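Got a structure for you, questions after.
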Amino acid sequence: MRINAHKIFTSSPGDITELEKLIATGVVNPSEVICIVGKTEGNGGRNDFTRDLAMRSFERLFSGLLNIPVEEVQDRIIFSLSGGTEGVVSPHIIVFTQTGGILENKMSEKRLVVGTAYTREFLPHEIGRKEQIDETARVVTELMNSLKLVPQDVHLVQMKGAIPKCSYEEQVQSEKTSRPIRSNMVYSRGASALGVAVALNELPDGVAVTDDHVCHDWSLYSTIASTSAKPGLNRTEIMLFGNSYYSTSDLVIGHGVVRDLIDSVGIKDVLTQLGFEFDVQLSPEQSSRIIGVFAKSEADERGWIRGHRHTMLTDDDISDTRYSRCVLAAVISSILGDTSVYVSTRAEHHGPQGGGNLAIIKKV
Amino acid sequence: MRINAHKIFTSSPGDITELEKLIATGVVNPSEVICIVGKTEGNGGRNDFTRDLAMRSFERLFSGLLNIPVEEVQDRIIFSLSGGTEGVVSPHIIVFTQTGGILENKMSEKRLVVGTAYTREFLPHEIGRKEQIDETARVVTELMNSLKLVPQDVHLVQMKGAIPKCSYEEQVQSEKTSRPIRSNMVYSRGASALGVAVALNELPDGVAVTDDHVCHDWSLYSTIASTSAKPGLNRTEIMLFGNSYYSTSDLVIGHGVVRDLIDSVGIKDVLTQLGFEFDVQLSPEQSSRIIGVFAKSEADERGWIRGHRHTMLTDDDISDTRYSRCVLAAVISSILGDTSVYVSTRAEHHGPQGGGNLAIIKKV
Amino acid sequence: MRINAHKIFTSSPGDITELEKLIATGVVNPSEVICIVGKTEGNGGRNDFTRDLAMRSFERLFSGLLNIPVEEVQDRIIFSLSGGTEGVVSPHIIVFTQTGGILENKMSEKRLVVGTAYTREFLPHEIGRKEQIDETARVVTELMNSLKLVPQDVHLVQMKGAIPKCSYEEQVQSEKTSRPIRSNMVYSRGASALGVAVALNELPDGVAVTDDHVCHDWSLYSTIASTSAKPGLNRTEIMLFGNSYYSTSDLVIGHGVVRDLIDSVGIKDVLTQLGFEFDVQLSPEQSSRIIGVFAKSEADERGWIRGHRHTMLTDDDISDTRYSRCVLAAVISSILGDTSVYVSTRAEHHGPQGGGNLAIIKKV
Amino acid sequence: MRINAHKIFTSSPGDITELEKLIATGVVNPSEVICIVGKTEGNGGRNDFTRDLAMRSFERLFSGLLNIPVEEVQDRIIFSLSGGTEGVVSPHIIVFTQTGGILENKMSEKRLVVGTAYTREFLPHEIGRKEQIDETARVVTELMNSLKLVPQDVHLVQMKGAIPKCSYEEQVQSEKTSRPIRSNMVYSRGASALGVAVALNELPDGVAVTDDHVCHDWSLYSTIASTSAKPGLNRTEIMLFGNSYYSTSDLVIGHGVVRDLIDSVGIKDVLTQLGFEFDVQLSPEQSSRIIGVFAKSEADERGWIRGHRHTMLTDDDISDTRYSRCVLAAVISSILGDTSVYVSTRAEHHGPQGGGNLAIIKKV
């Protein structure tokens, strides 16, 4: 297997001109594209239509190139478009291509492999509960096995979590029962992350996750999951990134924990783990070898950072989601010397409370 | 002269309980307070009333303690309250006190001195023009001389720029002439900074500043000025901070340039200049010795950061002023390991375009 | 009893110059002021400090005039300052004064009377529950009786609802029990309104309100309550407005229901009830006789208005609270021909779902 | 000529399912569609991509139905999509179809006719100046003549104004000359409206419009123009709506002036002109006959409405464009009893300062 990754800057959410050029010049073979991850310049919220606009471009493009109906494009390629390029972040996409499968013979160094899969379809009442956790864990485990990886090799599980539709009346009705429907973004992200944590042995010994842990016990988390969630999606889409001896990619991935929003030490640790030596900021040459940066952020809901009050949660003009993305992306950018970072917010069980996690892909 | 500085966190814009405690316990002598600088949790814009609320508290407090009318408090103490604690910033104030004047005899090391002064009152048509620049330069020069400083000793000139009132009709009328009235925040900040640049020899040799340079030629700037501007203020309030052999303070100040919003190298340079040795983040012990951090920020109006597009200027939901403060404060905080930083935005002639400047005060 | 009301426009939240003039010229006797209701230009949310700023002005003013400590001003006068002057609304206050008590002898026409009172202090676990409803109903009933009113005479009960403080840990702990702490704005407003509905016989026959009804069964509501709620307030402040034969005021009050945000018919009904005859907008003379307009608004949480989708609830850039105030105030203003209206949002049990209620005071 | 109009509600900006149904059932013949006007739920600003998303849907749909390349759809059909459904406004589109041309013989009553045309392409330096005004007036006059209309018959000229691209450097350079480039939204809208005013004799006798009038002399305006402007568009797109004896439509159009944002009288006048008799709100039957409502709004830049201060211009959290659309749409909706109104903001020379204009199409 050989994974390539192309970072492409966009001039607006629907802009695919650079990707079209890479395809026209043979740099990217459309039939080899397995997933596209990117940041679009919306607000990341319910009325963020920039992701839909980007999808229209991708669907029109790949429908023509692959000669398939528009509706089938998302069955062939997994898309993870995240709205919100607050502050310095430059809107961009990363196009991953794959040629070949897992090698028969071991290479001398571990290199990037990627696998994609889907969970089964969920019912509204399963979201945010044991059913979603178990199914997510099952698929992640299968993906890992199919790529000949062990948990230590896995550095990023990018997911788009299911949120099956449920009517206002069903929701209201269920809230009177002991099992209110949790089919919303918060719970779908939380359970997805816990599913990864289960599959990759990230939980403390002896902890058996239950419905009650989801979005309540923040001491349980994955440092590897990265989940967005999409209303109306019935199954969770999963992309697993790891390093394997059975790959000829010239890319490797590493990951780590961001303990709070100003944890430059944690960010540098990931870069050091990837072999970069530097002071406070990568050199332009080093920076140019960074292909993908994926982080999860959260404004600490307790209202404090290192002992001092922050005001992100009490600001009724600007959402804390926008602040936390803005902050963490700025801090990461200042260390990379580059503003093409993917930070997605709401980090339920994605790293410690008030922090998040981080994965970086570099060219060797 | 001995300058002390007390950093105090607030629980809301009008909160002065910690300051009252410091006064009650004798740590702060109210008659020695010369200026108070701080960040309040408003939007930093026209409808930011958090600064007024803070002023009500200070006026009530010092009016009682100094036994003077409420109206005279601002004649005794200079206040520089800046709205906007976006992202991680923790609302806080720094209370500067002074005992004694400039020493007769030289000490072995340069230490912090502070002087305060006012320009004469301006007329609306003088703002943003040569008249404001010259008067600002004159007062800064006098202050510097009175503190026995040379330009190299001065590291921060904190100003609240005058914006004398002018009616809508006068404004409209003047726009038909060759000398439209510039009595607004943009021009008052710009001319104030250029006044400092003139006084401290920061401009290239041979450049004689004219009205046309103000807010047009961004290659001219001060690395030392820090200006906010207040509608209705008729004279500019000036606080000058420098290091002098004729001081017994246990504080020193340094400053530098922030070339763009992700310039962690420039930020570290200032800390290194102040004698801190560290990797990517100060240790808690080092961080505890940082008393004041004052920066100016700006979203690059050309729309690019290090070759990549940013979206701060085309976001019609959130002002670029809030983004640039959020970003620069986050980056600085991540290096300090502390979120009590003062970043004020709109940096017309305050550092290079798209960047800003930075001054830091530490305890020796 | 004679109630006077003075509508005063402000130039900023802390502006009291017009009120000072009215006092200086003897129009307003400060010792007769019983309550001040007003709109300030904040966001009406958690970081709206405009109300605090206004209070500073009022406290300083009345402390001096009444020769009482600043802290006691709120014990002498009830203040109901509501943030949010979205759209056309002009920031203003209405100062109510009272001379004399309830008359011994009946007059020929019913005129405005006002009474003020406080509930006992609440504990956090009582808020949003039967305890708060019952205590509110008790105080409203007492007030009504003390003013010799029957329920049909009461047209507005303006309240500032208690929200006793509760720690994050207590809150989290209580959520694991069958009686989670509801000490927040939503529940305090809801239970306050239901308390009024109970006292004034506004509920359907046979309905006995329980904890489960609060903020769940929207078919139960008061058309007369108007509640804001303030974190940190331990008791609810209550002002009751009605019409009585035992009053010599030259003011009368009426009220009605706003069925949805575009219910111009409901608004006109209240004006007609007050004796105004007009087509689509009051004449300037009629409009000048309107002294106070108090409404509650809510963006319909079902997402529809008269069969068509609205987008107030899915807009993550602007809060629906700001939209609903903006909309209802605009509609009312267009009928009055005047923009000094007080619309406060979040109308839990204040009128039908998606609507609100409305009271108007006119000069006879 | 027969014009039909179909009002269609959308569930999101890209939703065209209802339109597809109307086409599938033969109600709408795609080859007869001449223009589509609609409101999408964006912010109406620079980062509003909802209009682009809607266009993707329309382009895909009509490209398939008309068997033309996607790029040619906008040459066949004129689209006027306006972002911003603040408050109660329900996102919707109105699809206009045309069969036949202007009749040979006069009918007994005037009915709706529509014509569409384009100006020549503009250069950046022509925008906001005499060249744009004259060319706009020329095309409007030609359109009017081609439809056998006189100025009194014309009730709406809907335009998308040209804003040819101009580099940052060209812009900066031009600002040093006596003819700064005005190729922006403000000036393109302003000159477009003045072009209509010229063509339809709306200006006072003897006034010859010059460059200096544009966006300066607000006493000059059209009550009929409705302009948005689109960066990157080189020519202005024009749709003219009038009533003619040579039409068999069952629609008629009327228009009027909105003197300020609470001018319910002006709004009722237009409905009365169209033959509706009602009190304060149309009956549901009357309301169902309203097919299109097109208004322009503006927050009065002088800061006052009927003598009282408004805060729309000093609110740095929410743009006045959003407020003014929200307000005027709410007021109109409250009179119609319906929330499908099209209000577009920025009304430079579109009605009196602080107001706007209004056109309504009804089914006879």
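Note that the chains are named A, B, C and D in the order they appear, and that numbering of residues resets to 1 at the start of each chain.
Note that in this section a contact is a pair of C-beta atoms (placed from the backbone, for glycine too) under 8 Å apart; a residue touches a chain by one contact, two chains touch by 3 or more.
Just so it is clear, the model here is predicted, and its values are computed rather than measured.
Chains that count as touching both chain A and chain D, per the definition above, are B, C. Between B-D and C-D, more contacting C-beta pairs join the chains of C-D. When each chain is reduced to the average of its Cα atoms, A sits farthest from chain C. For this pair, chain B with chain D, the centres built from the Cα atoms lie 47 Å apart.
Note: centroid distance chain C to chain D, computed from Cα atoms, is 40 Å. Across the assembly, chain A contributes 41, 43, 47, 311, 314-315, 317 as residues in contact with two or more other chains.
Those residues of chain B lying in contact with chain C across their complex are 12-14, 41-42, 47, 49-50, 52-53, 56, 60, 317.
On the chain C side of its complex with chain A, the touching residues are 43-48, 168, 302-303, 311, 314-317, 319.
Residues 9, 11, 41, 43, 85-92, 261-265, 268, 279-281, 305-306, 308-312, 314-315, 317-318, 322-324, 326-328, 330-331, 333-335, 337-340 of chain C touch chain D in their complex.
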